[in-house]
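Input: structures, listed below.
One chain, chain A, appears in both complexes that follow, with chain B as partner in the first and chain C in the second.
Here is the complex of A and B:
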């Protein structure tokens, strides 16, 4: 048998590719990671775009990074340094506001200003959600079940999930079915009366999807906030010190520690194929590198249509992949500010240390979606703002700040065609600043530098097809055993020796690391551990 | 009734939780806020300031000061340089540990000793024939623990750039730049958190002005006042023992079994046996030859196992946010082989950690044991593995 340069080559040094590399290297494999850009991390990256200011360019909070990965890869030792978010703030145009704190009693006080009923019900709601959320966690921490399999192990796994479902009381069954089918707004309407509370809660159902808060199927994402993590719902959201790229760097350091080789500015042109098997990669500079296994940390379309080529794929697979929906719906605006912005609703900064939502009403959010449906970015979008420099002075000069704005909706497919996004970039950025300035008087005068990323930019610069931050919409029909498609949810692909370790695989996007780790375990045959 | 420390006017204003406990006769804040986790995260990410005044503090002066400390503790102080700080324990004549603390050499004939329990009378008893005076300055000297990755940045404007040169476990005299005339004191690069950090020593009369200066410098950097709850989590991560929790002082023990030798506590490295006589020397020589019968170790509870116990009840895993000081038995193959004394969830490492004492034969890192876990009032066992300490040991601590 021909000798190989490596046991595994990983295409793409995003956080999942790096996690996969670290697990393989830890198991003793000779591993090479190839990253096209000059920095590691993919969308989990920090860059000093403006001197002295470090932007978490794309991904801006660390939410669901799996604790078992932190343990296995000893990430704290290699520089993982997560500062938890303290609060979730909602300013309103009429001067009212709501801040939800990690301290439940404080939050009750805040909510009761709008509805005593809601303040009381919050406890019941989180109790009910926590009961169900407990079942979500094992699902994202293990490979997706294969419902059509007759393998006894698979059947056992299915039975286990079935037992969870079967154990449930009628009330809980009903709640689960509602969560799976209803819209975020309809679901929240069953519990709460105040829109001031419902509106910021409902947006977690739409992030990264091309759906509105009233679209059916958006409710279940609410569960992700009640997963029963030991550190609590708030505590599992945090800033990495020095910016999100620090998470990727910590994973990379761990991977190197275990013996992985990592190259940047090493752009892969295509995956080498021989007799229907992946045998290595060819770089853009023409270098050929062989490996027993090739792993893609890129999204499914880029992986199969970009690096493999349709001629090597079964037709049915290609057609399914054509139908796999990306539909990027968000953009990003990063600002360098010469002072701390002050919100007119509430002076001071205690409430600005977490995330800040521009989501004043459900109609506002739905209107923002309406515009996107017909091919324009929202004139008044949903914006999720964080000011990490408030809790991490290392990302900006003293007294100055960075402000990260996640903006939805910015549909990839604009009427003029996605390739015309660059001519709209300026207007898009201005819309975001105008929107924010309604809450932060004088914002425009504070801006020292701005970076605007449209879905087109996210695709072109970071390689995320159609600018979808999750490598494909995280909707129910594209999750679990259907991610990226039915029959191929276990990190294997129709191309022998080619694996998919990215957010396009189960359990999906976000800074979780689970697809990378679960892929490595599948390759090593250690899924159960 | 506990007495207030010199910092009380400030700390009591900040302590909105009203959660205090008694520490060596003083009011000590458990946590400033409803929960201590903000303080914990500030410690690991920015910096925290804790009132450490309740520590017992003694000045040892005289031409035989080093001789006295060499005589009563397990270390030899004859060759320590000025400015050196050392962690040390001291034993009774049977080689059983009485207490642990730090010794700072301030001048050739001047040391400062800290301890958890009062030590004056006992040390005095051992000073016969030596030119030495020992003074209890517990109330006269106030102490602040400034800890965390940004502690150096916080301290620099208060004591000057000289702080950049201060090495791990060294002391330096400082002038605190405070409101009004400068104030003299000492800074040591020590702490009980396992992080980069300093301890600030000053006259009690100057305490508030130093406190204000540090808070003013630190607030823009995210400095928070910290209480004992967050400290208790961090010290387990750092693998530090607590007298009265992880071991019992030979002075407080009622039965022999409750007492410990330095070798049992993992203090082997600090015991200097071959030198002039010191208290407990003969017994410790014997102990070294025979080897300890049990050892204090770090343990990591297997999280999957722990979670499975809760899962069997239909529950999500649960731990108190505070370090748990209620003991738990440790088993090997169903036989009890020891006990855990401090247990905590490490938010940084995402691990359930414990300190415990086990049969010496089971103390090697990697040894698999079981720990008792009580869930819904039922006793269960989860796997636990012996691990080296410190569990958390960032480079910045010594850098």
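Here is the complex of A and C:
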């Protein structure tokens, strides 16, 4: 038996690859991480694209980074420093606006300007959702149930009707079923009357999918807002001080501390195979590195069709993977501004320290979606804006600001063909700026630099197939035991000694770290702990 | 005279109500059936819309009748006949050619191989799907041991499918039908034809998640059509009810369902228009859940959380029905009995988009049923149009009706050139008309939207899915209950059986 250079080689230094590496290293393995780009973090990265301004290029708020990972990897010690978002602001074209604060009392006052009824039920709504959130949280903290070994108990767990049945009331069951099957809009309609509240809330259901807010199954993601460790609307979202890349860097430092080796600008060409087993990797520069186990921190398509090749895969597996849907639907615009932008609806900056949503009505969101369905980017898109420099001055020179704009819908498949996105980039960026300028007079004059990422750019630069921000649509049929496909939802792959640790595995995309950690646990045989 | 406990009242003379009444009467109850409408069968009954021109019910889809459930009612002895073969679906392509879809063959299309493979899979699902359609949903709401057990049994049945099929079933049910069709077929006309059938009861288009569930239920649950359309089922049911001594009074509105005021209230009587009261210990209502529980039941008897569930029941209509009379028999392209004029899923999606903005579809697609051949008078077409909102922006003015009519006639002219020339009579039923004339709230043809969160155990709510209500002796049994309005003859029988304690 030939000796191996490493116990495990991890392809891709995204945050999940790094988390996986840290866990393996902590368990005493010799680990190497190979990252194609010059910086670590993948979609969780900070870069100084314009001198003095640090952009969180892709991912801009830290949502569900698992607390147990933070503890296990001692991330606070290595630089993790999260600043909670305190508000969520919605300006409207007619000059009205709504700010929801982490302080429930303040929010109630704001909401009661639109609807007394809504202000009254808000508290009840948060409570109900937080309760359900507690039942659902174990789903993202443990491997997906395997219905292959189907027995009634597993079925119950699958539907989450069983395990906690004893302590769940009928109402909660009802709520849970509804969340799984309803559209975000229909679900919110049952609680609230004011669109001003419903419209920005409904949007969380469509992030990273090619669905509209009226599509069934989009209610579920609403829960994510209520799954934070502290019950309350916005506490579970935060900025990393210095930019999102700081999270990845903290994980990388932890991994190195535990003994992992990390190389950047080391692009993997393919995975070496022998007798149907993965034995290591070959870099683009021709270097060969061997390992007992190979872990991919890249998305499933890149991993299996890119690094392994269909000739090494069972036909049925390849067919399933062909059907796994990516079809990215979002883009990003990062701006360097020479001063703090002011929204005409409300002067001052207290309400700008959290996130800002351009989502004035449900019809607006649906129109944005319709345009994407028929092959163009939305003329008036949903935009989620943050100005992290307001709460973290380290990311911009004094008095100046960075503004990050997450934009949906920007469909990967445009009528002209995805490869023609570069010729649309400028127009796409202008659309975003025009949209924002309707709320921020003079925005255009403040811009010192802009960076525009189309789905094509997200694919080409960051390696996310079809620009899907989550490594595959997060829809019901691609979640849990079906991520990336049923039978292979537990990080193993049909290629022996090859593992999948990325957002393309359960529990999916976002800055969670859970796929990476759960993959490492599966490899180490410590799933229960 | 029967005692109160031997007497049952059925509210609603639609097919579900008639089937419930016959089921109860056959079990020895003294049954009284009331409906404010005067036409037995409601939207399923015969309708003369122009002198000499009838349609056998408003529905173009008649092959989803739950034949197994109504089999026990002996309708065949009363003359009900089933067609000897399945009825094809025709899809009109832009170039005028026609695709013919049959269960086991495809004519005029290129997807023959993939269609056969897909159909074989659907056929394998059919026993399970039919079992689900023809049975009351398991009780999931009550955290008792028995219910866990019954859900688990369903799980076991899933298991008997074989692992691969089961996983595939779990994968597809929540998918948009758009995606499922795209995975399987090249031909947009085939995709459009199959998907079009799932939309009438919804306000969504094929890109909405979960539309696959309805598509699968329909394709796996489809049988042969009754001869003479749903109206033939209605006549047989009426005859059977007669035979069994059901006392049917139409044109009589139920006004209130009365109960005693004990801690566990039970049904006492039903009050009718004109002040008459009928004492009964059992009431099966096939009127919609909102009407029954929020309007008819004496206030204060339904727990608040159940009331809230029922308020959340969505019944937005999405279709208009356009009935046309011609001076001579009309021939549809390809000799079709039922023709879908959408040749791509995108046309379906665009029409559904209009609903969101409370507009009329710019270019509506038609689901045309040619009743000319069914000896229903010369030249009779029934056209269903999806994408027509109940809450039209600006209201259903004469101008709006005229506008819709023009668009429909233009679409018809494209599909059947020259048809207009022999047009002698017509009746346009917008969702508002459907509501006014047939008591269909919101103009909803299927008793409640048929989308993922309103099916099976959630139809009409987790706590009501077993047909029982919080009021002892009151049962819901209409299209707003499982298996729903598309699957005619299901809910009425299942509710009556529950009411009889079976």
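What to note about this one:
In the analysis below, the second predicted complex is superposed on the first by the 509 of 529 C-alpha atoms of A that agree within 3 Å, B and C clash if a C-alpha of one lies under 4 Å from a C-alpha of the other, contacts with A are read in each partner's own complex, and residues count from 1 in each chain.
As a convention for this text, a contact is a pair of C-beta atoms (placed from the backbone, for glycine too) under 8 Å apart; a residue touches a chain by one contact, two chains touch by 3 or more.
The shown structure was predicted, so the numbers you read here are calculated from the model rather than taken from an experiment.
The superposed arrangement places chain B and chain C next to each other on chain A without a clash. By the touch criterion defined above, A:173 reaches chain C but does not reach chain B. Of the two partner chains, neither chain B nor chain C is touched by A:494. Once the two complexes are laid over each other on the shared chain, residue contacts for A:93 go to neither chain B nor chain C. Of the two partners chain B and chain C, it is C that touches the larger number of chain A residues. In the superposed model, A:259 makes contact with neither chain B nor chain C.
Angle at chain A between chain B and chain C, computed from CA centres in the superposed arrangement: 130 degrees, to the nearest 10. Once the two complexes are overlaid on the shared chain, A:68 sits against chain B while remaining clear of chain C.
For the pair chain B and chain C, the least inter-chain C-alpha distance in the overlaid model is 15 Å. In the complex of the two chains, the chain A residues touching chain C come out as 147-148, 150-153, 155-156, 161-162, 165-166, 168, 170-171, 173-174, 177-178, 181-183, 186, 189-190, 211-212, 214-218, 323, 325, 363, 366-367, 370, 373-374, 475-477, 482, 486-487. Residues 33-35, 37-38, 41, 44-46, 150, 220-222, 303-304, 314-319, 345, 347-351, 392 of chain B touch chain A in their complex.
Against chain B, in their complex, chain A makes its touches with residues 67-68, 70-71, 76, 81, 83-84, 86, 102-103, 105, 130, 134, 167, 228, 230-231, 235, 241, 391-393, 398. The touching residues of chain C, when paired with chain A in their complex, are 140-143, 148-149, 151-153, 155-156, 158-159, 163, 166-167, 170-176, 179, 183, 204, 207-210, 305, 308-309, 312, 314, 346, 349, 353, 356-357, 451-453, 457-458, 461-463.
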